[in-house]
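Here's the structure we're looking at; comments come further down.
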Amino acid sequence: MPYIDMSPAQLAEYRPAIPEPDDFDARWSATLDEARTHDLALTATPATHPLAVIDVEDVTFAGFGGDPVKAWLLRPRGATGDLPVIVQYNGYGGGRGLPHERLFWAAAGYAHLVMDTRGQGSAWGSGGHTDDASAGGAAAGPAHPGYMTRGILDFDTYYYRRVITDAVRAVDAARALEGIDGDRIVVAGGSQGGGLAIAAAGLSDVAAALVDVPFLCDIERGMDIADSDPYQEICRYLAVHRGHEREVLATLRYVDGVHHGRRATAPALFSAALRDPITPPSTVFAAYHAWGGPAEIETYRFNGHEGGECYQQERQAAFLEDLWS
Amino acid sequence: MPYIDMSPAQLAEYRPAIPEPDDFDARWSATLDEARTHDLALTATPATHPLAVIDVEDVTFAGFGGDPVKAWLLRPRGATGDLPVIVQYNGYGGGRGLPHERLFWAAAGYAHLVMDTRGQGSAWGSGGHTDDASAGGAAAGPAHPGYMTRGILDFDTYYYRRVITDAVRAVDAARALEGIDGDRIVVAGGSQGGGLAIAAAGLSDVAAALVDVPFLCDIERGMDIADSDPYQEICRYLAVHRGHEREVLATLRYVDGVHHGRRATAPALFSAALRDPITPPSTVFAAYHAWGGPAEIETYRFNGHEGGECYQQERQAAFLEDLWS
Amino acid sequence: MPYIDMSPAQLAEYRPAIPEPDDFDARWSATLDEARTHDLALTATPATHPLAVIDVEDVTFAGFGGDPVKAWLLRPRGATGDLPVIVQYNGYGGGRGLPHERLFWAAAGYAHLVMDTRGQGSAWGSGGHTDDASAGGAAAGPAHPGYMTRGILDFDTYYYRRVITDAVRAVDAARALEGIDGDRIVVAGGSQGGGLAIAAAGLSDVAAALVDVPFLCDIERGMDIADSDPYQEICRYLAVHRGHEREVLATLRYVDGVHHGRRATAPALFSAALRDPITPPSTVFAAYHAWGGPAEIETYRFNGHEGGECYQQERQAAFLEDLWS
Amino acid sequence: MPYIDMSPAQLAEYRPAIPEPDDFDARWSATLDEARTHDLALTATPATHPLAVIDVEDVTFAGFGGDPVKAWLLRPRGATGDLPVIVQYNGYGGGRGLPHERLFWAAAGYAHLVMDTRGQGSAWGSGGHTDDASAGGAAAGPAHPGYMTRGILDFDTYYYRRVITDAVRAVDAARALEGIDGDRIVVAGGSQGGGLAIAAAGLSDVAAALVDVPFLCDIERGMDIADSDPYQEICRYLAVHRGHEREVLATLRYVDGVHHGRRATAPALFSAALRDPITPPSTVFAAYHAWGGPAEIETYRFNGHEGGECYQQERQAAFLEDLWS
Amino acid sequence: MPYIDMSPAQLAEYRPAIPEPDDFDARWSATLDEARTHDLALTATPATHPLAVIDVEDVTFAGFGGDPVKAWLLRPRGATGDLPVIVQYNGYGGGRGLPHERLFWAAAGYAHLVMDTRGQGSAWGSGGHTDDASAGGAAAGPAHPGYMTRGILDFDTYYYRRVITDAVRAVDAARALEGIDGDRIVVAGGSQGGGLAIAAAGLSDVAAALVDVPFLCDIERGMDIADSDPYQEICRYLAVHRGHEREVLATLRYVDGVHHGRRATAPALFSAALRDPITPPSTVFAAYHAWGGPAEIETYRFNGHEGGECYQQERQAAFLEDLWS
Amino acid sequence: MPYIDMSPAQLAEYRPAIPEPDDFDARWSATLDEARTHDLALTATPATHPLAVIDVEDVTFAGFGGDPVKAWLLRPRGATGDLPVIVQYNGYGGGRGLPHERLFWAAAGYAHLVMDTRGQGSAWGSGGHTDDASAGGAAAGPAHPGYMTRGILDFDTYYYRRVITDAVRAVDAARALEGIDGDRIVVAGGSQGGGLAIAAAGLSDVAAALVDVPFLCDIERGMDIADSDPYQEICRYLAVHRGHEREVLATLRYVDGVHHGRRATAPALFSAALRDPITPPSTVFAAYHAWGGPAEIETYRFNGHEGGECYQQERQAAFLEDLWS
């Protein structure tokens, strides 16, 4: 894959001015306040799995609209004392899958909360288990296949308003779980999961953020240069609904990681891949440069959207160790 | 495009035995009874459009769950007397679009009711306007992008239970409109629209059916041989949800056009394209051979999924003229 | 589809200097004069079709070399008084098809003359019926598959010299038909049809032009940036005939819409699609900016070559209504 | 590339019954008689080229309709005595190119007459130089891009009637050239060239035929199983011109190599490639099995349409040496 | 992805007769004897990694030609007593990667030896570290890109002779490691890894085999029906080296899993994916049916080459538990 | 194919500064000195072939490490006096093939030495016959499929160190052959062959260089903009081996044609294709502008990687004639 975006030198200078809605904070506050009127309804029951040195619990908590959201909680068997926790969000189309699918963080000694993504989990991997229960009514208006344009004509009905709220409530849930050190909650994720981690970091109080090749950042540029889904889902929607550009862009500004990240204060470790056609590096640097707290970024010059993979895991483990040593 | 399915001789003999649920009729009766507990709430108001010799009305009626379903009603300006009506269903992903998009049937002297497809209308064409308002709760469980697998684990929550109910209610609505000859209601459609026309013909009382390259027929074979969406959406869902084959196939048997068509009694004109990779001709012949009433089929030997296009329109107009002359 | 051409701001400024042959007018005058030595031989006989509120006539007129060119003439049944007429040219590879295929303009109250394109009409749609009868001799020299390079080594033998002449004679024919208002002749078309409409507007006296995503404009740039046929047909021809660049470019300058449009005086409504890989927006803006009369342009930011489709039809109907109100 | 056609065992038995027109011989006789009313008008002038040990002449002769057809004649410099000659026809879309492009046969000691293909020579390679001068009038009716469907609605106007006539006249020309041994004229070609060699061998008196992966054999099967052009050109034409299957298939039966080869009496060496998606091996075996004279076939089990390439050249040289030793 | 291979009913009966070399056992004995003349030179040193509950050692042992082969050994931290061990081989093109990449088996309580594949490890994943040190001389003859055809003209020089020998020596190494229960050595792998597991099970004494979508089984059929690499690498090689079919097929028969599996006696759990275009299910069933010991097979009806993924891991863990309980 | 690289005006100015290793000359001297410690071991025996006017000899000489390298030597039969010789290197993946495959230069009166490329010759064409015999040990470390990354972590083990040495020794061999004019040795090649010709011209004493669309020039830019193999092989290797960018780029600087060409003094004729996605024109101009001797360049504006083909052959023959007249 050749270069398709800015050169490293251009990336280092790229700080786009993206219009921010005046009521950005007000509407998110109202959204989260509404969600918190529902009891968190947190449950964690032992899961069936073939693992010997890691324990897994099947977690449920109330997300947007009080809808039950599923997650797995993994931790080293026999751990004592409160553990730091990685709250992880998934990439687009995936679900929490099976309990034994993501073992790195628990094997590395952390508690690991893997949040399911409502309605997703059927495009790759091994499945999701969370309904987008509040999806009815106007929120189920005509949408392009996929999740990007569900309810997109208004922030109130937009799919990602619900998912980001779930992401924030997952942080609430992590804090409420037993055996967790509430001062060491880390939000993490790649691609869509990276976008959700940014939003959760901007909307709640976390200790760190691990953000890989994040989606949902500098969205309008993503729509112009990313040659693949999911950004192109929005373009195809607008190619059909020719008159709705204004409403759609207005809605998207409430979920853009550039605005959410500006509100974050925790230390962050980003990664970008310089040949990434799905979340092009410039859109990642836009969010990285806007980040409100201390931030570092690792770039992978020859990689596409897969980015650093287990190399970046190693880097992240070292980053957290440095942070807390 | 070369041949990918049976030869003409094999097609002529293809009559697959597809398991039919024992409670097929019972569950559909219950479904339609439930829908009819909601008032039809039919409205038809003049639409804005640039046409001079055709009138268009913006129609709304209550579909599944009483949800408002949109349609356009076109008829020749100044028509007098009750007109026969074509109730048309759309192909997958399309919506009713703009009022002046489909002019053939009105120009040919018919009333033409173009039903919107709930939740669709954003993948091609010029848009849809109908929410899938009953989509919340368990009906919004994890689904593959697209509409094929929404709520598919149970017939009660399945997306096409709602859409087929809408299709039947569109026939109810057509009959209730002023200036329509209730003895000459024709259901029609291509691809997904063909599948809906079959279902509507099996579940209601119509005068004829015009069924082009129908989708949703002999579905399990379609999943095995069709090399493209939408049949492959189901396969990819099952490739992720590896344990759910039984439930999914059970649900699909309630929407299979082979079963619905067997219950139809009206005359039907089918068409099939012998090089169609989306709704392969054998799946069309399965439904054609099972049809309960008199039936003819036109085959297009060199065409793919586009089938006969305006040649078939001409054939359909002649078919109806013969029927009523 | 991402952006592949200039940004909106760059498009607004794009006015390329394209060399114009000194004898551009002289050779076109000679061409049209020669064509007009042949009697127009206009005939219009009722066509067989299934329509009730629209009449269709099968029209023949003498085009380039006196060759018979076919067209359909549609008009509202029972129209009285002279009607404005839309003279429409087709996209590349299509033909006039069946009489009932294009109903919008007649349904909107206009006469509508759909010109067949000589030799074309076999790549998509439902067929053409006009021989490229003057194609023999040197005009049938070695050519790349398709129509772009037929006779391209000299303007005298070039295929589009014949087709553009047909397009001008179609305007002559429209004016000569009964029941047509000669002061309200509109030329129209998309893609190749848009290029022909521009040429016809520059070479004859029309009341308006409706030009969508036109082909054959700023051709040399099209060959450099359009990643698909038909512009690439010329490139592949030149990749084989390595020594013929000069002759080929010289011929193409006689058909470039930038030069033809500069000579037009009628009001024009253009449309361009900002993600169009076939007729990239910059080539459309080149023609729009060069247009000799008053001109407006509608842009579709998220669309490819399909452009505005029925949205643009609505816009066009309003444009004509404004023009004549 | 995996297998896409019959197994070797099935190929060995494949002898399809293809309907032959009653007047096949009559119409070809009339065609050739008509062509021979034109003087052969044979000229051969030294060509400019950079070769030292091979001489090249630029040949012109009268083909169908007396149209001038170009060819190169290569022979070893300083050859004495009458040489055997290879009359070679090109693959689809190619032309005779430059004089020094095909050196094998002259380097191997043969005279080599490379016939240009009228109208072709612009899709690959280095160009053609022969007009399809008789292409005007009804022969230039609506056709799919490419050459397969030009004038296809009637044998009289069909493109390949002209090209096959040229191929026969090339044999006449070869015999008329100085320094050629008229008893050792060999027709040869691959793909389209193979189809032309078969036809020329059936319609004239030659000493041998070298036929590689021939096109234009068992054409109707080719249209059903070949997943690429040029067979698919005919299918796409018929997908548009839905009513013309009968005329098109009737025309094609006059050019099918199965019928032409049955009339041949010279020894032939065929080759087929078992993974050939363009001229699938079964269509080659159909012609091979029908061949009227002695015939051998070489199969390349792992090759696609490129077949045996220079391995087959070696085999051919040995075949001719055996024949004449 | 639609079906491309046999139906389930056909698979259940598929038992191909594949010619076996007379000296199959003799040449493999000689090969392994030669390898074992080199000291195993086993070393295991603690690896650097970020894991807390799993220990990783960096293992080296002498493979074919005494060449050093790398592996990771993972086991639960603090495990006491001899552990059963999973000896895992990689898929084509991958390497052992980083120490923390494959955590399932260690987390499930097993020792896990991940063998690097000589020369591979640079096409996907995070890298390999083992030279194909014996690759020089005739073993480095002309080869198609990839590994399939390296030295393929003779079994002695063939790449997979070296790799299979490494696989057998990895079992030797596993048995020689401290803390391993030599009666519970399990060979395992998917795709190429599955083929190697079969060969290792046939050539050494193991307790069980876990074989997923194995490559290198019923190879000649794979070359005929698999539409992708790596089987097609061999076809492309033979498409160039047209005369070498006999030698190549002779070599491949020494590595075919059908022959190796026939010699195995340990219980095996296979898996096949019914829409797998890379290792088509019939080739898997050929090996499964030939297996010399007790065998079970899990089929994934809707999956491609990814097969059962973590579902199959769960099944494998249960299979081993059953075996030893 | 549209433009993908610089415009002609930008190309004319493009002179990149590419870091050159300090020990570039030292390491190449050492490399060649080492190779020349091996006797050239030149043999030339008559080859079997079907040609009559050209003689072919099967040549072997000692290349890198003394490994035997194969070549064909063609010359006009009966030539007297010492002939100028074209030493030709192949494109990537090809081999010397059969003796009668490349006839142009011998037919044009030159001796023609076609060098095989070690290890290659199995991806297209008709085969190679030279082992990469020195490939064992560390030179056979983990590599991406293909040849680009074999031993790439160090110049000493890099594949192209061996191949370039072979190319220089081929010049030595040409000079040592009987009947060759050692003052008129020309190195030539396209793509990889062009890169080797540049290197051979820089590292030995030749009379001219014919360099077409050369590979291995301005390599780092090639990796960034070329959208296909072989440059992308290096990128994919680095996408896996994320930490090895520095070593890989360091190695590549020893083979970059920009550095080798700077050392050349012979006249050169280059060619570049302006739409070449494999060896983009800017990388060719980088080498052309750096060339140390007199140089001309022919550009093909509409061609891709095929470039000028036999047009360029004609140009080259004229270039040599001018040079020596």
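The chains carry the letters A, B, C, D, E and F, assigned in the order they are written, with residues numbered from 1 in each.
Following the convention adopted for this analysis, a residue touches a chain if its C-beta (ideal position, glycine included) is under 8 Å from a C-beta of that chain, and two chains touch if they have at least 3 such contacts.
This is a predicted model, so every value here is computed, not measured.
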item: Partner chains shared by chain C and chain E (touch criterion as defined above); value: A, B, D, F
item: Over-half contact-pair match to D-E, picked out of the listed pairs E-F, B-D or A-B; value: B-D
item: Rounded Å distance, chain C centre to chain D centre (Cα mean); value: 38
item: Rounded Å distance between chain A and chain E, as computed from the means of their C-alpha atoms; value: 37
item: Rounded Å distance between chain A and chain C, as computed from the means of their C-alpha atoms; value: 50
item: Chain D, residues touching no fewer than two other chains; value: 125-126, 236, 242, 311
item: Chains touching one another, given as label pairs in label order; value: A-B, A-C, A-E, A-F, B-C, B-D, B-E, C-D, C-F, D-E, D-F, E-F
item: Parts of chain A lying in touch with chain B, wherever the complex brings them together; value: 93, 95, 118-147, 149, 236-237, 240-242
item: Contact set on chain B toward chain C in their complex; value: 49-54, 76-77, 97-98, 100-101, 103-104, 106-109, 125-126, 309-311, 313-314, 317-318
item: Contacting residues of chain F [partner chain C, same complex]; value: 1-3, 275, 300-304, 306, 308, 311
item: Interfacial residue positions of chain B with respect to chain E in the complex; value: 223-227, 232, 235-236, 238-239, 242-243, 245
